[in-house]
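Right, I'll just put the structure down here and ask away after.
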Amino acid sequence: MAHRWGMAIDLDRCMGCEACVAACHAENNLPVSDPAQAAKGRAVHWIRVDRYYEGEFPEIRVKYMPVLCQQCDEAPCEPVCPVYATYHNPEGLNVQVYNRCVGTRYCGNNCPYSVRFFNWFEPKWTAPLELQHNPDVAIRPGGVMEKCTFCVQRIERVKLDAKAENRPVADGEVQPACVQSCPAEAMVFGDLNDPESKVSRLASSGRATRLLEELGAKPKVFYLQRGK
Amino acid sequence: MFLTGEFSQAEATGRAIEALKAKGFGPQALDMFSTEPVELPPGVLDRPSRMSLMAVAGAVVVCLLAVVFVYYTQRSYRLNTGGMPLFSLWATGVIFYEMAVLGAIGATFVMFLWESGMLRKDHAAPRWKGAEGELALEPGRILLRVRCEPEHFAAVGECLYAAGASRVEKVQNKS
Amino acid sequence: MATAVQIRQDKVREDLWRPLLQTRGRYVVALVLAGLAGAWGLAAWGYQIYEGLGVTGKRRPVMWAFYITSFVFWIGISHAGTLISAILRLTHSRWRKPVTRAAEAITVFALMIGGMFPIIHLGRPWVFYWLLPYPNNRLLWPNFRSPLLWDVTAIFTYLTGSVIYLYLPLIPDVAHLAEHTTGWRHALYRALSLHWTSSDREWHALERAMKLMAGIILAVAVSVHTVVAWDFAMSVAPMWHSTIFGPYFVTGAIFSGIAALLVVLAIVRKTMHLEAYLQPVHFDNLAKLLVLMSLLWFYFTTAEYLTTWYGNEPWEMAVLGARVRGGYAPLFWTMVVCNFVIPFVLLGIQRLRTIRTATISAAAVLVGMWLERFLIVVPTLAHPRLPAAWGTYAPTWVEISICGATFAAMALLYLVFSKLFPIIAVWEYEEHVSNGRI
Amino acid sequence: MDRRNFFKIVSTASTGVLTGACGKKLDRYVPLLVAEREIVPGEEVWRPAACGECGAGCGVIVRVMEAERVVERQGDPVRERIATIKKIEGNPLDPVSGGRLCARGQAALQGLYNPDRLRGPLRRVGPKGKAEFAPTSWAEAIAVAAEKLEHVRAKDPSRILFLTGPQAGTRALTIARFLEALGAPPAVTFEISDFPIERKAADLVFGWKGLPVYDLANARYVLGVGADFLGGWASPVFYARQFGHFRQGRADLRGRLTQAESRMSITAQAADLWIPLPPGTEVLFTAAIAHLLLREKLARGPNGVPQQVVQAFEAFDVTRAVRACGVEERRLLRLARELGESERPLVMAGASVVQTNSLESVITAHYLNLLLGNVGKPGGVLPPAPEPIGGRPGFANALALLERTQFVFLDGANPAYTWPASTGVAQKLERVETLVSFAPFLDDSGAYADLLLPDHHMLEATAAIVPAVAPVAAVTLATQFVEPLYETRATEQVLTELAKKMELTFEPATPKNVLASALTEGQTWEEAVRQGGVWAAAGGVEAEQPKPRKTGTRRGEGPTAPALELSAPSFFGDTSQFPYYFHPYPSLQFGDGRAANLPWMQELPDPVSSAMWGLPVEIDPQNAARLGIRTGDLVRVESAHGRLEAPAYVHPAAIPGVISMAIGDGHRHFGRYASNRGANPLSILAPVWEKSTGALALGATRVRITRLASGRLIQFSVSDREQGPWGYR
């Protein structure tokens, strides 16, 4: 059976340390904007930690959650793309085809999670920072959309390895950079089509919810709510 | 061979047409020229038209072509859409509607060219500035041209004069 | 009687042909200014293509802003002509005759300009043709389910229809002009006239085609602006995802279209000295239409905002609040004043309704409708569902230049058009005159 | 350990053994340096290394792949294939990181490939502090340094000062040996990230040398007091891993965390309950809990506590704490009950933001743990593991030392940034005859240096590091596996050459020679290198519990047992003039400021304010409204000793009257990304120290704040409420 990749994020374990954000930058060659561009709202973080304050001091609490592309099953971003640059891959990922993208940014408007980022300029790195670039991940040209890929390059690598060794992909073997880095092990990645995978079990736990579930986009990222 | 009469009143032209029709010159043999549209009573010089019908036909044909095209293109290279239909009438209905309208517009324009006869100029027409042996179309005047053999010239000319033509000229078939 | 008409008709031709053949200094100045402004806009666009879209003020989450606003605005303006002239034609409004061609020209030009914006707005405009279904060896076709493809087809159809609709009644005039001109003008008019002979077959076909086209164009015009509205309404963004958007946008389009027509007619009347042709009755009737559309617009706006407010959904309230009370409130209330208060007061009271007030109101409506589109596009995008992603937007000189230049482009196109073709359909007006209906 | 990392490390560790002598594959691992001709395009090699970004000393693995760089040879640009590091992840075998890594650790790559790295030795050409340097050769630089050093040594070797960072390991050991050979006093660390108070408290109460290990993973109810252990205190990755387990790692068991702190820190955010304590009242809060615990007869181990301490607790007046802390007695009682009734209670105390009475607060917390009877037990306070390598630099207030010093070495220390301006550090550094900096960057202190002798980046170096907190005796090993990018030189080598020049008997400590003794039987050096460390027992925290070196307390040992002191904190600055507490805290992104030159960290949204490229001053909404300050406004914070200007962030969870600010920005010199960006809160602090350790009291300064103008705070997320301000009205 085909894989259907999904993620569970345990908000009870997460403490908002943003290790995932840095990991994503390192893995996916995210450009760093300068302060002027950051001030204009052009900073790119495929995964971000949203934080909201609830209540008033002293009975105030902070709610935070890492938000990345939710890889929706019925993704609002997909049907609106006029050139099929954003489409659904057979393993359930919302894939962005950078080469095909013409930059209408319609997908970005239609994403309720605001996780799509546009390359306002051709990305630049000051030498020798570009030596760090991950050769498995394309540098996106200016004028195209980009977003979290669930580290599709890591998925493919594991699948190739497993194929070479003639064995199925083991649960937990694929780890996107954010999942790998998480010190509190708040993030779990795996195959939702495998009912015994860790992510499937977490997704069916009583604490599992999905972000803006009421919109019916059927996201594949499950948030396990903080316990009481 | 043509015989052309010049009128200044639409009523007179109408009378001439009625008289000519009685003599066996049907609407096919008659051409009326005027700098602005002349309204004749219905039945006097009707020009039957299939423009509306063809517009509808054009709409239907182009719409169907569009459906086939979209259906083909979406299936020629099957992209995974994550459970959403590759071809959906609802999601592409607007396109079919627009293409239907485009078909109607195209058909209308083509039928305009066809029915106006502008595409088949096999005969000379009166010019604004009268050429040799030809009546000029002047503002406010109406020219009625009758296609007839020379042996009928006299009868037709009489008819035109009787209806109130101020002048009648014959034109050789030049082209 | 006949001679009287004759003289009168000569006067019509003289008056309406004069602007074509005589060029005054003021015209040249206007042409140069409009050309320079348009060139500046082109230069700004070139800069934007070279540097990247980052030179605009757009950002995440406000990824659509000035360009899409202008796109909707110009598409709205395009409803000036075709739709209005079609309605007037179908209802046999006799006062339409001096108005239709000016209106139809607005349509064509506004569409051409509006149609540019989706390309200007693209991240990679040099591959805009990927949106078109052209055969290619990789079997790559566009996604026809995307509302943007709907847009492409709708605008293409509308533009084709509008050009034909403008062109058909132009044929007798250019045929006539071809007889009275020499040189390149003669060649141009001759070619455009398609050897029109003024025969009754031609007149019949023209009449029939115009009737049909009026009906068809009405269907396209309504659908075009509905589709533009659906670009927004088909998404899940708060205060975009609304069933009212189709008719709301069509209403707004006709509203702004009438306003544009009024402004253009006022300018044409003044500069071309057509006071005898464009008479107070025309302005009065258009002004009445403007008030009607203003009321309709107000009704739709109220319906939209009141239901949202009463429903009190947090996401929608975020957008509504930002528009009505937040940072966008000055724009919002300016819009209400421009779109409702000014036209309603100035034109609703009969004593105040003059050509001057009609023009002022129309200009106000143009401003208000531009703001309305801006307020639809930007605050919604600035307030997506997850507040952590909220942002603000301010245009840069590039966007202002490009959008401003399109007004110059409109002026330029109109100046050229009025130099080539009579701005009032001569034969229609003559018919009008000879039927003694002046 | 997760599966992927297991595969990764096993393949790394075993290939050398399995393939033996069969050519290429062996070459990939031994020798460890990746030669250019061996790099296969597109193929990755994972290497163990050590993280040098903070004192936690996490073991990491790095991904080495081919890349191309353009270098200039004889004036022509030449493309050159080199082995480069693409990514850093935690070393799954390492008991500290366990295969995970924090944001700063991962961003270390940008230190390695930072465009502002020093590319070779430099000598000062302009006046001191002006940061004008000219390139020099290593031979010349070392000759100059040796000459100057010899000059000072001949006169008075005690006038040589080596200021270093908090990491223990071969570097520290080498430095210690070098100074010994010179006859100079031992190296000193005086940074704000070394936890001298926690060390001292553990020593005083338990007799432990090192930071206690809190067994958070096995605790059930944790009361955190003053230690932001998830946000950078002691060993963030280690405690974060434990926290995950504490919360959801055990079936049907969820640990509860209550955090008492003067700021809503990362830990307080993650806690189930945050008790906002006015700065410096931690000690009273802890004492009140202890008192209530005794009163409610919930103390399990009062026998382990010195009698006079128990008496002091019993005599403690809870109303004093209620008044000072602003916490109702009912709530204190509830906390005491929750703590006392829990099966495995734990109090995690520390001083993320040092106050003048912080030592008392940590000592009181240790006594509280003793009352709870959890010391040395699973889920309790565990003794620090023995450190296999000695040489951890001693902490001391180096101000007085600097005063009389003629020759200063700087390695891992940046006094010009971390010491308040009121200490006169700038003038003192200027006065020093010779200052040699080993920092790979030109930093604030480097500007005063006579010689900049840039060290390799940690990822290019060979070193052994002792983690600050480890459940077992641990050494993290890093060996050089990529060629240094520039003409930099390992400080160990520079010291060796200096010693040679000065004809000193000196041998640098290398991982190989110091670790020979730490290797357990059956372990080989090569294996240790491949694994990236030596660990006493591979296994998690739950493995064998090492016994405290000195169990219990010094009860009955008379004068050495510290008495319970419950003093109020002192603050510098007149209340009427300076009405607010100033509370600078080490930031998640930059720590004590040493990661500020990493662009990823600059663009990492601050967890509190979501600020990027410049940290704000945090003020509570009440006072902000009173002063007319709105988020983004430029404000001036003034103490009796200086002032700074920064944008404001109106922090909904700030304690009224406490102005917080993250440390990290405001460098004068630190490359293009950090220089002159934002403000340094340390610069305006009063010279107030915790009495017994000499640690800088970060939170002991009072300030006033004024709005200057509207400005701009660059935020990633502007909104901090889930609902907009537009209600149904």
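Just so it is clear, A, B, C and D label the chains in written order, and each chain counts residues from 1 on its own.
In this text, a contact is a pair of C-beta atoms (placed from the backbone, for glycine too) under 8 Å apart; a residue touches a chain by one contact, two chains touch by 3 or more.
No experiment lies behind these values; they were computed from the predicted model shown.
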Chain occupying the middle, per Cα centroid: A
Of A-C and C-D, pair with higher C-beta contact tally: A-C
Cα-centroid distance, chain A relative to chain B, in whole angstrom: 64
Chain centre separation in whole Å, for chain C relative to chain A (CA means): 43
Geometric centre distance via CA averages, chain D-chain A, whole Å: 30
Residues of chain B whose C-beta touches two or more other chains: 84, 91
Chain D, residues touching no fewer than two other chains: 717, 719, 721-722
Multi-partner residues of chain A (each touching 2 or more other chains): 48, 50-52, 79, 84
Contacting residues of chain C [partner chain D, same complex]: 309, 312, 314, 317-318, 320-322, 325-326, 383, 387-392
Residue numbers on chain C that touch chain A, as the complex places them: 51-54, 57-64, 118, 121-124, 127-128, 130-131, 140, 142-143, 145-149, 152, 231, 234-237, 381, 384-389, 391-392
Touching residues on chain A, where the partner in the complex is chain C: 37, 40-42, 48, 50-52, 67, 76, 79-84, 100-106, 108-110, 112-114, 116-122, 141-145, 211-212, 215, 217
Sites on chain B touched by chain C in the complex: 8, 31-38, 45, 47, 49, 51-52, 55, 69-70, 73-74, 76-77, 84, 88, 91-92, 94-95, 97-99, 101-102, 104-106, 108-109, 111-113, 115-118, 121, 125-129, 137, 139-140
Residue ranges of chain B in contact with chain A within the complex: 79-84, 91
